[in-house]
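Take a look at the structures below.
Next come two complexes, and both contain subunit A; in the first it sits with subunit B, in the second with subunit C.
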Partner chain A sequence: MQEIRAKVVLIGSIGVGKTSLVERFVHQKFSNNYLSSIGVRVDSKDVQLNHAKVKLLIWDLAGEIYLSNQYKNYIKGAAGVMLVFDITRPDTYDNIKTVADDISKSHPQISVVIIANKSDLREDPQFKDYIQEGQEFDFLTSAKTGEEVELVFEKLSSDILQNSNILNV
Partner chain B sequence: MSAQNDSFDQLRLILLSKDKEEFYQINDDLRIELLHEIEDLKRQLDDPIKFSQKIEGARPQIIDILGPVMGRMIRKYIQSEIEKLNESIQQSKDKFLSKASWRYWFKRDKEMGIHDLESPKLLEILLINKESGLLVSKFSKEQISDPDVVAGMFTAIKSFVETVFDQESNELGLIDYSDHKILLQTYGSYYYAIIFTGVNHVKFKETVLAEVDSFSEKNIIYLNNGVITDTEVTDLSIQMENHFEKVCKKLEQKSY
Partner chain C sequence: MNQEYRIVVNQDGIVQSSDFLPMIEMGESIGDSLPIYSYLESFRNTDPFLIEGYDFNLDKRHFIIDTEISFENSLFEIKIIDRTTFYQNRIINQTTHNKVKIEKEYQALGLDLYKTEANHLIKVSNTLKSAVKQSITDIKNDFKNLPYSSSEKLHDDPSLSEFINRLYDKLDVLNDKLVSTSTINKINPIDLFERPRHIALKKEIDHVIENDDFSHVKIKNSISEEISIFCNEEYSKNVVSHFLNAEKINGFQDVEIQSVVSEKGIVEVLFNYRDDQTTEQNYAERKQLLLPGNEEVFKNGELMSAIIQNVSNIYIQELNACLAMA
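The block that comes next holds the complex of A and B.
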């Protein structure tokens, strides 16, 4: 069975739920203090696909790193990038598409997915007015309910595997 | 060089925040007394001859004051000062402190409860892809938990420091945490994280880095490539284990 290891980076504005997505997906090993001190927390999780195993090293970047454009230093050597926004806060979608296109252009080997998070709030009357039409995304997730969370990581792992001839260390 | 020192100082501040908190919990009077002693020690350490004479004369008082409250921070401070003193002595080739004197000093340390001020001990060497932070290969004397994640975090810390201090040409070379030290040495697309405990002895560091150089030269084909196949990774891991197992034995035979 083929086995590869790959770096995946989660980026997005402050409070969009990146850390919650990782916590939902992996059994967290390291404290969140890393996020406030150095702006990054790394976790790992094995994803079992049909004929291969992908060990994901997931880099959860603090929102400030995304907003200050420093994320470019952290996506070096990545096989996948997850761009996350909050469906109840339209401002967190601003620039997401542009950033995704930029990454795909400058790092064609990186698989990029856009994630609309907090799907559990889509029916909440309090936020209904904020949810906008026409936003382009690949997955609608909820870290709270777990909706599509596994699916995102599996799909990304599958994409990474297809490119593994150049992505594996 | 000064900017690099500043960077290390700032990183040390971040990593030592817990120690600082513990320190400030110490009774105020005792803390003032300790600070006087530490300041005095600091002055004396600039002149090794005076320092050794002073230590000899004030031994009972030092033991009385420092002994009961010998926490991690003070241990670290003394360890750091010993390292500086050691380096300075080595550089000047001043023979006034014989090996016997050092042994005597270390004996006193143990009586004072500073059990961790021991010879450096190599624990682990991780070979890590510089950009992705993916672990390529490792040598383990004492297994650390989840080396893949640790390799990622080292890379994140390295990126963080190099980004914050905007040091494109310089790279983070040392992480100092509690009794553990991590030397970071870059070769092409990869870097080594060399984890050890004990005193950061110059000769020990030189020996380990020379061995890392030698290993890298033998495997330069792999280390210059950004891509290594699974077979090459396996081959590299075996070679790394063999090479550094011998190095460990060599280091154990030497006394630092």
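The block that comes next holds the complex of A and C.
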């Protein structure tokens, strides 16, 4: 069975739920208490596909790194990038598409997915008015309920596997 | 206090030397201890590469470090600065800062949505008024062009002549009424959001009363001096004037203005209109106006919706009143 190791980087504004997505995927946990991330956290998890195992090294970057445009330093050597925004905060979608296009153009070997997170708030009367139409994304996730979280990592792993720039363990 | 450590690894990621003991020892794979370096290739072309705030657990201890990697003579040198305490304090401050930032984002967004809603309301209102005005003009022109109106035949049929004249007069009144209702735009709901400040409600209403001629109607301002509203001053003045304008209160004997503040901070102003048929405890007509009582109301979607809905109703009532004249 083929086994590969791949670096995946989560990028997005502050408070969009990047750390929560990783917590949900790696540890099957979720906390409602928001705690800001500082710098970088790295987690790992194996994704079992049909004929291969992808050992993901998941880099969770603090929102400040995205906002200050320093993320470019951190995606070097990455096989996948997850761009995350919060569906209830349109400001967090600003530039996401541009950044995705820029990464795809400058690093064609990197698989990029756009994630609209906090889908559990779609029907929450407190937030539903804030949700805008016309945003382009690949997955609608909820770190809280787990909706599409596994699917995102599986799809990205599958894309990475097919990509030419993978590293054999 | 910051502590600095130095680790050297070969191109296979095996530790050649380390003073970060006992956490990382010679012969270990660096990727097992510091997953961030489990993929050394990613740093080969970035020399030196500084990572600030790398957060990890090792041997049941939590570290947040700054780390820098450089590549020389076929070896990687990793410098570690342990800044755990510094970053733990920063996390607390950053969390507070981010929460405020996110709250402000929602607030700005909420206000934008309400402004859009209010703008839409005004556009609809103006479109309706224009449509009605145009219809009136068209009907008047049709009457003018009736063969009856310019011929002797009209005199032959006095009842028809009277009917047409009466209708024509009604259309004139309707037209005037429509023009006068355009003053409703003075309470443009968008203004509600502009430069809001705390305003003493009783004083504000007294000011409106003093500046108008209410010789025929007794106005009683029963609002507590402690009640304040939080909105644009011009808006509050115009909206209060709307409920006290001469045309509206004509026919009433007195108007009493009362106010209550809800637990959530909405100020409800009640205009009680009495005529000679009503008693002190009763009223012939009552109008309700909702205003924000403080900054917190501006941040609450549900409350702002209620306030905008209230203004919407004022608009709709004006339009209906105008149309009812027809």
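Descriptive notes on the structure:
The rule is short, and it goes like this: the second predicted complex is superposed on the first by the 152 of 169 C-alpha atoms of A that agree within 3 Å, B and C clash if a C-alpha of one lies under 4 Å from a C-alpha of the other, contacts with A are read in each partner's own complex, and residues count from 1 in each chain.
Just so it is clear, contacts are C-beta pairs under 8 Å (C-beta built on N, C-alpha and C of every residue); 3 or more make two chains touch, one makes a residue touch a chain.
As the structure is a prediction and not an experimental result, all values here were calculated from the model.
Of the two partner chains placed by superposition, only subunit C is touched by A:Gly15; subunit B is not. Of the two partner chains placed around the shared chain by superposition, subunit C is the only one that A:Gln126 touches, whereas subunit B remains out of contact. Once the two complexes are overlaid on the shared chain, A:Asp91 sits against subunit C while remaining clear of subunit B. Of the two partner chains placed by the overlay, neither subunit B nor subunit C lies in contact with A:Leu140.
When the two complexes are overlaid on their common chain A, residue A:Leu49 makes contact with neither subunit B nor subunit C.
Once chain A of one complex is fitted onto chain A of the other, the partner contacts of A:Ala62 are limited to subunit C, with no touch recorded for subunit B. Taken together, the two complexes place residues 5, 7, 34, 37-44, 57, 59, 73-74, 76-78 of subunit A in contact with subunit B and also with subunit C. Residues of subunit A that touch subunit B in their complex: 3, 5-7, 29-30, 34, 37-44, 55, 57, 59, 70, 73-74, 76-79, 166, 168-169. If you check the complex, the residues on subunit A that touch subunit C are 5, 7, 14-15, 34-44, 57, 59, 62-64, 73-74, 76-78, 88-91, 125-126, 129-130, 167. Looking at the complex, you find that subunit C touches subunit A at residues 35-36, 38-39, 41-43, 45-46, 49, 51-56, 64, 87, 90-91, 94-95, 97-99, 101-102, 105-106, 109-110, 113, 301-302. Subunit B contributes residues 14, 129-136, 145-146, 148-149, 152-153, 156-157, 159-160, 163, 227-230, 233 to its touches with subunit A in the complex.
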